[in-house]
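My questions all concern the structure below.
Letters A, B, C, D, E, F, G and H mark the chains as written, and numbering starts fresh at 1 in each.
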Amino acid sequence: MKAKIFASIAVTITGAILLYAVTDFPNFGDPRSPANAGVEGGSSSASLYYIENTYRDTKVPNLVTAILADYRGYDTLFETVVIFTAGMAIFAILRVLRNEDAPSAPDPESTNRTIDGDHHRIIVGITCRIAVPLVQIFALYVVAHGHHSPGGGFQGGVMLGASFILIALSGSLRDALARFSEASYIRLASLGILIYAGVAFLPLVFGRNFVDYGALRGLLGTEGEEMARSHGIFGVELGVAFTVMSVMFAIFANLSTRGRLKGGL
Amino acid sequence: MENSVHSYLPLWACLASLAAVPLIVLFRREIFLRELVTFGAGALKFAFVLAMLPIILEGKVIVLTLVDGIGGINVPIAFRVDGLGMLFALVASSLWILTSLYAVGYMRGLHEPSQTRFFAFFALSLCATLGVAFAGNLFTLYLFYEMLSLSTWPLVTHHQDKEARTGGRTYLSYLLGTSIAFALPAILYTYVRSGGEVAFGPEAILAESNLDYWPALALLLAFAFGFSKAGLMPFHSWLPGAMVAPTPVSALLHAVAVVKVGVFCIIRVVTGVFGVDLLGRLGVNDVLAWIAAFTVITSSLIALTQDNLKRRLAFSTIGQLAYIVLGAALITKLSLTGSVLHIAAHAVAKITLFFCAGAIFVATGKKYVSQLAGLGRTMPITMGAFFLGSLGVIGLPPSLGLISKFHLVVGAADAGEIALLCVFLTSTLLNAAYFLPLVWIAFFPKKGSIPAELDRPFSWAGVREAPWACVVPLAITALLSTGLFFCSGFLQELTGQFIKGIGL
Amino acid sequence: MILTILSIVLILSGLVFFLGAAVGLMRFPDFYSRMHAAGKGDTLSTLLVISGFALYQLRDIHDLSHDWPVLLVVLKLLAIVVFIYLTSPTSTSALADAGWEDGIDPVIEPGRENHLEDDCHRTPPSSPQP
Amino acid sequence: MSDHLPVLVLLAPLFGAIAIGLFGMRDHRVCLPVVLSALVLSLCCAIGIVLKVHAGGTLDYFVAGWKAPRGIGIVLRADAINSPILVVIAIVAILAAVFTVRHAGERDTEKTPHFYILFLLLCVGLFGITITGDAFNVFVLIEVTALTSYGLIAIGGSKRCKVAAFHYLIMGTVGASFYLIGVGYLYLKLGSLNMQDIHTILASNESLADSRAIRTAFVFILVGIWTKMAFFPLHGWLPNAYSYSPSGSAAILAPLVTKVSVYVMVRMMVSVFGLDHLEANVEWGHFVVWLAIIAIAAGSTMALAQREIKKMLCCLIIAEVGYMVGGAWLGDPQRWGLTGTVYHILADALMTSCLFLAAGAFAKWHGAAKLEDLSGLFRKMPLAATGFVVGGLAIIGVPPTCGFYSKFYLIRGAIEAGHWVYVAALLASSLVNAVLFFRIFEIAYFGKNPVESHGHGDDHGHDHESEPVVRREPPLHALIPLLAAAALVILLGLCNGTVVEFIRTGLIETATVVSTGR
Amino acid sequence: MLMIVWVVFSGFLDSFHLSLGLISCGIVTWLSSGLLFDDRSIPIRRRAIQTLRFASYMLWLTWQIVLSNIAVLKLAFAPRSALQPQIVRYRTPLKTDFEKFLLANSITLTPGTVTIKILDDIFYIHAIDDGAAAGLNGEMDRRIAHIFATSHS
Amino acid sequence: MEAFFKEAVVPHFNFWIYVIIMMIGLWSVIAKNNLIKKLIGLSIFQTAILLLYVSLGVKEGASIPIIDHHAAERSLVGDAGAINPDLIANPVPHVLMLTAIVVGVATLGVALALCQMIYKDFGTLEEDEVLQKIKALHDDV
Amino acid sequence: MTFEHFAIGVGITLLLLMIPAMLRIVNGPTALDRIVAVNVIGTKTAVLLVVIGVVFKQVGMFVDFALAYALLNFTGSIAAARYLHRAAQRGGDAPSGEEAD
Amino acid sequence: MIVTFDIIILVFLVIAAIISLSVKDLLAAAMVFGIYGFLICLLWAEMGAVDVAFTEATVGAGVSTVLIIATILNTRRRSTD
């Protein structure tokens, strides 16, 4: 009860402050608002620059992808790191490495199959068997076409991860782990960041700044720096996809089994 | 402008004992080596201090800035040696050697535990003492002041029993508490008021600032109580509390290092921070003087009632310290001279007394005044020294105490403070009252008041003195106390340099 | 134009089925009957609406060599339909099964049989492994 | 490569973490060399940055090379304020890393690689927060830091650390979200995320700076960061989170995370909102100072009530945060308060590091979690105890440790700002600290160690040196960082002039930027 | 076949994206080998026939779905008493899992019936009214069996 | 009242709703007793911020921030300035919010892991019970 | 009256048709009823995404994630179903049955 | 941006948020939270933030719900509030 009263007070105060500020906002959907067009007298908003020049700079029609991986690629590197961190943190928190209750419980897998019943095995299992490859190819498409359509490394990665989750849900986690083992997902997650950071780091070798993929022109053999950026963005997206895929599946695997990687959802 | 000399001597003097600490710890298994290191460091230190003496006597000032301050924004660790510092350093470093010697005897005599720690912290506290003596600005002063508080704490609580814990707690809470609560803000306030200047120099730090009466009074009192090592009432009770310490420590604390650092700081504050001019203009020193006077009288009266010898000595110390403060507070040339000299005089005399108390304890295990009757028979040297020491404290000839007290009294008269003059005289009487009867019954006990085995005529065969390592130092200090009465010239010279330096 | 009208018709009929599903969802008495409404109504109406839009997209195709991306869009729309076809009944029956496992009793018209109740008392099935 | 120092400083631990992820899972022995080399590399980079800043002023690094117009790309800014902090982060991290050699996750030694990955990523986050010049980037890195912290706290085996981590997570996420709201409001009114850009716009447009949205933005950013730094009313998560986490984690979390948050606040004040603007609204500043005073009082009081060492230290952190926040908001014209705050960030990081290392060592090798358990410590592990004493003295503010000087600068600022209550609070808190630590010293100094006192029934009357003393120092890998931290505490105190001078060039440099409204 | 899907998704026919597509297909085949087709022995011709038959079945099924929806629609707007929910047991002659799967989903999609549980070869079906229950007369089985005729008759 | 409604609420409808949702989330974070409920509240709280950001990048009548392939090809050939910024939504908030979503899901994952551990250790997910048990734990020690 | 307007109309209708599902969610009575309603809304959402794509005249872009959406919606319900199986198997928790919110 | 969609979805959003927080059955709460994700995804799409919508679709509808369900499996389904 005390918490509720306290919560009410806190919420009222915060809400009042926020609403007090809201009346000061530019109108919703105003294309001339400072966020969209910059402040008068100040420099024009970065967003205008992006809209006008991104395609010229990077040859990527999807502005969001371009900004995400190039202009603000530094942010995104850490976004990936956040995901990786989450995976590691969950691992550190949950994973049971010593088998604490191994002797008491027989392998839960053996009981699972009977309990799922034919129904689940047949209907869900077969659906997933059909769906999973489709999901995967679609996810890879999403990763590869982040330049042109919505999506990119993160979304594709989540879907790839979801496809493995789907395998785990339709059959058992063991099936999924057989395809994507613990060692490999940790390694793949690290590899993903390595790809990202490596691609971002390469320009340093060429004497340019971090994340400046334009420097990779020579390496990739593209005509202009723009295409080099475009390819750099692709490399980065790939790294993100790897990490996200691995971590999403890792999180699921650990959460559903409380870190034992046996039984589970 | 004063003529200053740049020299690393003060630093070496400080470091001599600091460097001894690791050596002492290193040689913790080799008792002999350890003690050798202690003496070596003491001798080295004394030598460094002596080496500076001629320079100071020439009327110069040694200046050394250790960590350079940039643009006046920070406070360097700086040394500055003038007459006052020199005198204090002389006293401290010379007495350290003796105290070390005494400590060796005392510790061995009583088989005290953890002697390594004892000697290590002893050296450390001496380093701090010299640091205070040579401090070139308020911050350095404060730094070493705190260092001294902390490094003496393990000494005070040396026995690590319940009593020691209580005493140590009182000790630290008073010293640290007051220094953080009063001295630190006072320093900071000074720092801000003076526009970032805290270095001692020919000009007092606050001489230029136009302080009003009340802030100045508050500041002065903050300093006076903040440096509570000076034992001004009502922040005096750490001193009797610290009596739980082994006697060499008490000697060091109550005669040389700690308490003298307190009064030294107050003299520094009065002369170096406020300056005679400012104080004279504002008249805030009167308040300080009266507080000191109150302390003098009260503590003497309390001392009379104490049966524990060391406690009686402690209260006596409080009173004597208040003399010095009082002398400083009078800010006349004579009174200042008196109070500076009294630092030395009281140091020598009081250390003798403590040594004696310790020697009595080592030899007989007696702690109380009432047990002393007839002791002059078995420990004639000790009690003789005790007598000489008490002469010094009371201010009777032949002792350095006479000279300093004389200056003080005359200074009080000079300042026109007849009431304070009376205080001096009264307290001298009281001093005599609490020391002389003690000596008297030691040598001439009443019949029947002493155990039978003591009640016999004096003979050298019956002498049961403490170990020689205890007796020799106390004899030396007793002699020093007397001897300096005859050759106090260089001390007066030093004082004179100091007085000249502050522009009186 | 024909295409447009056709697509509009398709979409509208899809909406009608959606409406049916929604009403069914509201009115049916128990979980299992609601499954009927939800599972079936949505599948078909999704099919109808999306193919309606797909048809509408076809309208834009004049010259296949130039407008093939639009065709691909149409194909993608159909892919959604196919996918929903695949998944919707699956999830419907999986949920129905789950509902049974969860202990929801179906409302059975008096006089009709409930064989599941008879055979399978909601204990884990103990049929032999295939 | 020296042009790339600002980014290399955090890439080193990042690549280290990747390397552990790739190779360390199989072979745990890879971890420590990787961690140490990465951190040492970072330290070198940080020192390089300091030198460069010293030589050439503020260092801008344009990630991806997007220089113009401003705000397109992300800028890393190293100036005199943050470059020393980088160094301190690297140092504390190295110390903590050495400390954790053998007992990374305390109970689950199999989780060593995970511990070190989180550890390094935490460093990445902290470096990143410190060096970035982009308001949104700060948020991302705060989250990196936060997530690693949750992991590091909960990696321990105790039951309570999980709950503590959960509460921390809730508070931390809400705090970060508040920060994000604030940044959103800024973006909404100003259309930029670049700190300097925001600053320029705000400085040139007074009415905008006073608008409701911007004020709200400021309030939310502050509240968010306060949550992260455990400023008093929002401190609830801290004591449990740090005291129940494994020692190795606490040794890096406690010194750094709150300090870096304080730095973010300073950064926001200095180079986003502008000091001039803040100094013009002094009454707000004084309001915050009052809050800080309450924080100091509360932190000290809570510390007095604690019986566990780590908890007590955590409460002290709360008080210390109060010092820093208060100092930053004093608004004295010479910016001494702010100087003190920045210096205190450095000082407190080292002091807290020292204390937590010591507490960790005591817990591990003396079995002491409560104050009473410490008895006999000086005898058993004198060197470790010495390190602890130095840390304690620094917290109390005894010269020549750095704690004294930071307090000194803070008080100077307060006196110049005329904020006497703050002075009083600082001093009172110092006194309380003195009481606290001497209570500990006393316990540690006196009394027999009940476990180890075999054969020493009588402590008096013997000369202990002649017999083998029951000395059992913690192993070297724990002792060395502890003593190094203690030494650094003193060293920083001795070099305070140089450091403060350096910091002030930064503060004054930015100040001139403010006044000219570049 | 995956490649076709890829092209449908992608809409780019330049070499870069096609090669990406090839790589992706390779990855997917590698990742989920054994998921889509576990029986590789069936010859392609038969598979083609199956596909055709499957398509025709789908058309029929679609019509059934339309019917079922109309039925649901009617029921939705009908008074409540029109419902006669029941659960019927239905034994199928179909053997393979895939056939059962197809049947179950078809039953679910057709008028008034939802498969609740499969136990071995017994389907438990929730029927919404008598008509729907009566509709389970084995026609669907036949049609499904017809698709995979080679493996059955 | 009506004028206020027209001026303050209507043009800022999104923002009002964002505040409301955020407050719902915040309230439940503080007041809800069940830890998972708290987390759901936290997620809702975070999405409210996303709503703020995305709302402020919206432009009336603008399209999605993807330049049509063909238009892009054309603008390559012709002048690059052919793109009218008013017709394309502001991409920056989208970028930022992608990051924020990722952060959100990462946090959620970690929090759920913590929940599981808390449940394992204390056998409950109700905050008050957990706190009680902690207290009991403390008293035992 | 362009086709876009029509599409908007369709979208609004679809949104309004979510209301019954919402009511079902509010009323329950069982968790599974809610899940079914969630499924219904999910399907409608996928359609709505296409509708929005039509309105923006960028169907190609929206189709992608309508598809992704359908996929993941499916995952959600499968997970719920699977959960109920597992929960029943463990028998630890009381089955939901009727509840009064 | 489509204003009518906007308003309706926002209202739904609030309703969904309240429901998901007030349902006592955590499984249902998780599913309703899924709806919340659907709606917000729609909202992003409608505001032109396709990428955000895509992410929200994958995360909100796919992963979050599954993760919460996985947790509920290992903990308890009931909640007191």
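Just so it is clear, contacts are C-beta pairs under 8 Å (C-beta built on N, C-alpha and C of every residue); 3 or more make two chains touch, one makes a residue touch a chain.
Keep in mind that this is a model prediction, so the values were computed, not measured.
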item: Partner chains that chain B and chain C have in common; value: none
item: Intersection of the contact lists for chain F and chain G; value: A, H
item: Most remote chain, CA-based centroid, reference being chain A; value: B
item: Chain pair, C-E or B-D, that carries the greater number of C-beta contacts; value: C-E
item: Central chain (distance from its CA mean to the mean of all protein CA atoms); value: D
item: From chain F, the most remote chain by mean C-alpha position; value: B
item: Rounded Å distance between chain G and chain H, as computed from the means of their C-alpha atoms; value: 10
item: CA centroid of chain B to CA centroid of chain F, Å; value: 70
item: Intercentroid distance (Cα basis), chain G paired with chain E, Å; value: 22
item: Computed distance of Cα centres, chain F from chain A, in Å; value: 16
item: For chain F, residues that touch 2 or more chains besides their own; value: 13-14, 20, 26, 33, 55-66, 68-69, 92-94, 96, 98-99, 102-103, 105-107, 109-110, 112-117, 120
item: Residues of chain G touching at least two other chains; value: 31, 35, 56, 60-62, 64-65, 67-68, 71-75, 78-87, 89, 96
item: In chain E, residues with contacts to at least two other chains; value: 5, 9-11, 104-105, 115-117, 119-120
item: Each pair of chains that touches, named by its two labels; value: A-C, A-D, A-E, A-F, A-G, A-H, B-D, C-E, C-G, D-F, F-G, F-H, G-H
item: Chain C partner contacts - residues on chain E that touch it in the complex; value: 5, 7-11, 62, 65-66, 68-69, 72-73, 75-77, 80, 83-89, 104-106, 108-109, 112, 114-117, 119-120, 122, 124, 126, 128, 130, 133
item: Chain A residues within the chain H interface of the complex; value: 29, 62, 64-65, 68, 142, 150-152, 154-155, 158-159, 161-162, 165, 169, 248, 251-252, 255-258, 264-265
item: Chain A-touching residues of chain E, taken from the complex the two chains share; value: 2, 5-6, 9-10, 12, 17, 20-21, 24-25, 27-28, 31-32, 35-36, 38, 97-98, 100-101, 104-105, 115-120
item: Chain G contact footprint on chain H (complex, rising order); value: 2, 4-5, 8-9, 12, 15-16, 19, 22-25, 27-28, 30-32, 34-35, 38-39, 41-42, 45-46, 48, 50, 53-54, 57-58, 61-63, 65-66, 69-70, 72-73, 76-78
item: Footprint of chain D on chain F - complex, ascending; value: 26, 29, 35, 38, 42, 45-46, 49, 52-53, 56, 92-93, 96, 99-100, 103, 106-107, 110-111, 113-115, 117-118, 121-122, 130, 134, 137
